[in-house]
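Letters A, B, C and D mark the chains as written, and numbering starts fresh at 1 in each.
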Amino acid sequence: MFKKVLIANRGEIAVRIIKACQEMGIKTVAVYSEVDSRAPHVQIADESINLGDPTPSESYLNIPKIIENAQSVGAEGIHPGYGFLAENPDFAKACQDKGIKFIGPKAEVIRLMGDKIEAKKTMENASVPVIPGYHGLKQDMATLAKEGEKVGFPLLVKATAGGGGKGMRIVNSEDELEQSIESAKRESKSAFGNDSVFLEKYLDKPRHIEFQILADEHGNVIHLFERECSIQRRHQKIIEETPSPAMTKELREEMGKTAVVAAKAVGYTNAGTIEFMVDGNLNFYFMEMNTRLQVEHPITEATTGIDLAKWQLKIANDMELTIKQKDLIQRGHAIECRIYAEDPSNGFLPSIGVLKKVELPNGPNIRNDTGVETNLEITPYYDPMLAKLVVSAENREENINKMIWALSHYVVLGVTTNISFLKKVLEHKEFKKGNITTHFIDNYFEDWIIADKGLPLDAIIALAVYDSIHTRRQEVVRFKEADPHSPWKRVGRWRMGV
Amino acid sequence: MFINYEHENHVYNVTVERRDNQFFVTYDNNEYTVNATELKPGQLKIEVGDRVIKCVISEGEENKFVFIDGNIFKVKRIELTGQKRTGKKESRLSSPISGTVVSVKIKEGDTVKKDDVIMVIEAMKMEYLIRAPYNGAVKKVNFKEKDQIEIGQITAELEGKEA
Amino acid sequence: MFKKVLIANRGEIAVRIIKACQEMGIKTVAVYSEVDSRAPHVQIADESINLGDPTPSESYLNIPKIIENAQSVGAEGIHPGYGFLAENPDFAKACQDKGIKFIGPKAEVIRLMGDKIEAKKTMENASVPVIPGYHGLKQDMATLAKEGEKVGFPLLVKATAGGGGKGMRIVNSEDELEQSIESAKRESKSAFGNDSVFLEKYLDKPRHIEFQILADEHGNVIHLFERECSIQRRHQKIIEETPSPAMTKELREEMGKTAVVAAKAVGYTNAGTIEFMVDGNLNFYFMEMNTRLQVEHPITEATTGIDLAKWQLKIANDMELTIKQKDLIQRGHAIECRIYAEDPSNGFLPSIGVLKKVELPNGPNIRNDTGVETNLEITPYYDPMLAKLVVSAENREENINKMIWALSHYVVLGVTTNISFLKKVLEHKEFKKGNITTHFIDNYFEDWIIADKGLPLDAIIALAVYDSIHTRRQEVVRFKEADPHSPWKRVGRWRMGV
Amino acid sequence: MFINYEHENHVYNVTVERRDNQFFVTYDNNEYTVNATELKPGQLKIEVGDRVIKCVISEGEENKFVFIDGNIFKVKRIELTGQKRTGKKESRLSSPISGTVVSVKIKEGDTVKKDDVIMVIEAMKMEYLIRAPYNGAVKKVNFKEKDQIEIGQITAELEGKEA
């Protein structure tokens, strides 16, 4: 097994991988940018390296700097986590060239699957169903506009190199097509250094259902069942669950087999995910392959009992998969909620600031994957996901109630979070019935505003008591002496002049 | 003690008097007699008759954060001096986020229509569009491509009127 | 389902049950003695009742006081946890008489199983194997001495009403018999109000292996596999695991069936445990039945995916078991370590004091069941168990490493704990091989002393740095001005004059 | 600064000087130059050459607790004045725990043999036996049945000598 591994990431995923390594007796090296010097992943790692400037391109995306440091500390492997360099084939290649094991698939496979157009072609050739669309190389506006009309509206514009909703636009009519293409290209250029896009049919009642794959370097490939990831805002998943409420035994078997075929078609190794779109009639289409550990991997771990991060390390160490497909059992139900520093009542705008208090819910079958703690500052440099809350129970109904309990006990003060919003989604009667699609948030929560009834009485009483305890005596006197005839001294609620 | 809390553009006026662990809170013409204990810093257990309120309160630089019953409220304690204060006007021309300007769609003298995109700001790997809040003429553009912009800064000035 | 349940307990088990109730939408009522007024179980419950005097008989063992309070707050059920009133048939009866549902088996069954002699007779009649011994009613010293010689040495003296090592003595030779019987009787009298004892053959290479049972009130009984509980100090379990390293598929099936037979023989309902002794040749004998939720129930939950506390509530609500024996699967491996405030290098003497800092390890498949937190005081009134650490993994080897990692990151400052000791046990090569018996601690750790090499260099450096940061300037000056010729000013380690 | 730490009847003498975040620690004739940061109250990250020490230190009323590398050490900082201090003598006649006396086996004037049980104390539902540390005659019995006894209190006085 590796003696030392560098984790080229930050936040909760760096923490999760560091712990997996430490449990296996592998020494860990964290990297961090200046603003992250006191972050939990730095605190728990055995060693840590300052990458300097917080701008991602100067730190967590800086390939030469990371590779040089890995060499200088003698790391035998690099785990890229997700995001940043996880799906960058040049990084995987650079590791390989320097004799460092990249903990993930081969660079060629990352490159192939990273090109969404080539990926679809490869899958079509392997008889994996794909969504109709335009995946051509001609990227001029005239061609794209023409092809877009052929595919028909609504359609999706997607960045060829994209992922996680970046460089993606829904186009409802011809009018919006050009501006959407332009904007998607620009976002993709900035995020991935590539402005190529493709167009795709937009499905009716679409669900996003993906299959987890593990493949060793000896030709063995298994799938670890599905994850339902339809609950998305701004095309980013916020709630994932498994099993999917839409799934039948037969469909699961068929999609699972297809996922294994897809992975084998590209000679895939290590952990990966085949993302499918499933329509209202349970037709499924290959969407893309994520060549890395997913954010939502814990729900698969909770229901299968398999530690995916540890298997990534074992596979990268040339170990053969000892788990057989027939021995795998999906048991119980798991949900993940992503805790974001963002404002759901204001277009999910990220929120920054100092975390004045973080207190996590805990109990049986409650898993907190977190990269933050009290007094840490949330900066605008990186993704605003603070933590993941993963719960599991014997069945979906119990589990939804468990998640609502856990969210109700999740304290994050100092930045605006999506916690209340997540709770409202879980409490929604259509969610409880399992009637979800990727449009769920847009359909039911478009104009959602937190606390639309204002500050509740209990909060007012609590604040008054708190201030009464914490206000210094001289201040109390000053307040007491305030003009008793002031028009502001009536006691109640009123709207400020706007 | 007389206190004013501001929460989402509303002001809540409340008085509180303390006698040991007993507090007399008056709000909206009702008086509440409550017993309260601070179990840990910021964590209060408050008894109002039969009811128990459990909450966690934390102070930021400007705001107080109240966690109560699974919900969080951001509240500012304000001093009112008898002068009616004017609430901060939220302008749709101000940046909703700190980030980098990636594209400026207008220049001085341009005429824009309501909802036209005038600037694109990128932060945390997402794009945010600034749209014109009304029809008008561009008087001044405050940022250019690649500039850093802070939350609340005004992207551009428009002549025209709010619809 | 119940609307409101009172939890007649404290510490981690009260916390665990309160959370189970809350997830199910049941309001909870905590009870507490004066010294526990700020304990976590009081903080998280929806309501709480002060029982006053910390002496157990005045508070957590005070049946009339608890029942009256349950009535006055309108609790429909009482969950007794473990210890205190959990196995007190009078309490179960008193609940029943007042129309409050006791969440556990019927009073008669508790009474029958609480009498170890009657319990064995009942089991023998049901063809469940039992250990040879004297279980007679004659309790005079002459009879006991004579019967003891018949059973032969070594033998065990056990309190008829006992449990958890209380009122239990091992007797190696005739000489010790009388004093041991006397002492066991006294301890039993004080703990259970009953000084009746029995004598029992002491087995070779004995393992303590128990089976978890769930029985509904409609005649359905299932078992949830075994727990290996051989690692004990002073006859109390400190490390439990499942599956047992000694178990074979056949033995598991046979013991499981026997456990179900045993439960059915007494008309058992709700959650319970059949404790067996297993000798070096894998012969097994019924030892006793615990008519309650066990301390170590989480390892069964981790490997079966079943929430035992929730099932207790469902069964008490007349629900039928929906889990069938054939659908149950034991998956992966789970270990529990009991974190005690006690000093393993000094006869496991309990330690009291204020917890200056508590920081729990966390990560995937790490469960912390705890009833304490930073700044809480550990008083001499109750059992010194602070918390339970439960970890699970794909297999035993990985799981032992995981537990060692977790214990190494478990911070409890302010009282002496057994954490370092637990780690040493897990690291022992015979433990790793699974070669364990109930004598394991006595055999390998009799004279164990923590940190026998004294304070390590790193601790000395850390302390010096800490004090340098935290000593006020004027004090530093005073230290600087200390007599430079003092004989104490040589720098190193020396033993104090004794 | 010169400091003495007591740990399990041993004294450790150490000096430390600070310059910003750099510390010079001398122990047992070696000097260590270390860089240290207090990440959170009591949580230190200390770099000694290539090595990183992570520890958590917490202060009780009398003792400091050091968590390091999975182990915990209870340490007392003591002042030594040049007078050789005598270590506290652990007497086997003192109670190892606070609890209740459940049985007294001896009375004044009795003769006891080494290891005879002289008193039984119950605490936290467990029994602890006080045994005679040597052969001797009972001079005084300080507690009777049902008395409360505190940790360290002397159960009885014996005449005789330690073997």
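Here is the rule we go by: contacts are C-beta pairs under 8 Å (C-beta built on N, C-alpha and C of every residue); 3 or more make two chains touch, one makes a residue touch a chain.
From a predicted model like this one, the values you see are computed outputs, not experimental measurements.
Comparing centres built from CA atoms, which chain ends up most distant from subunit B?
The chain lying farthest from subunit B is D.
Does B-C or A-B have the larger number of C-beta pairs in contact?
Result of the comparison of B-C and A-B: A-B.
Between subunit B and subunit D, what is the separation of their C-alpha centroids in Å?
55
Need the CA-centroid distance for the pair subunit A / subunit D, whole Å please.
51
Go ahead and note the Å separation of the Cα centroids belonging to subunit A and subunit B.
One centre to the other, that is 28 Å.
Where in subunit D do residues touch two or more other chains at once?
none
Testing understanding: with touching defined as stated, what is the shape of the graph linking the protein chains, line, ring, star, complete or other?
other
Provide the full list of chain pairs in touch.
So the chains that touch one another pair up as A-B, A-C, A-D, B-C, C-D.
Within the complex, which stretch of subunit D touches subunit C?
Result: residues 1-18, 23, 25-29, 32, 34, 36, 38, 42, 44, 46, 48, 53, 55-60, 64-75, 77, 80-82, 84-87, 89, 96-99, 102-103, 120, 122-128 of subunit D touch subunit C.
In their complex, what parts of subunit A are in touch with subunit C?
16, 19-20, 22-25, 298, 301, 305-307, 309-310, 329, 331-332, 362-365, 367-369, 392-394, 398, 401-402, 405
Under the stated contact criterion, what part of subunit D meets subunit A in this complex?
39-40, 43, 45, 52, 54
State the interface residues of subunit C toward subunit B in the complex, per the touch definition above.
Where subunit C meets subunit B, its residues are 38, 43, 46-47, 375.
Under the touch definition given earlier, write down the residues of subunit A that touch subunit B in their complex.
166, 179, 183, 186-187, 190-191, 234, 346-347, 349-350, 352-354, 356-357, 359, 380-384, 407-414, 416-417, 419-420, 423, 450-451, 454-469, 471, 476, 479-480, 482-483, 486-498
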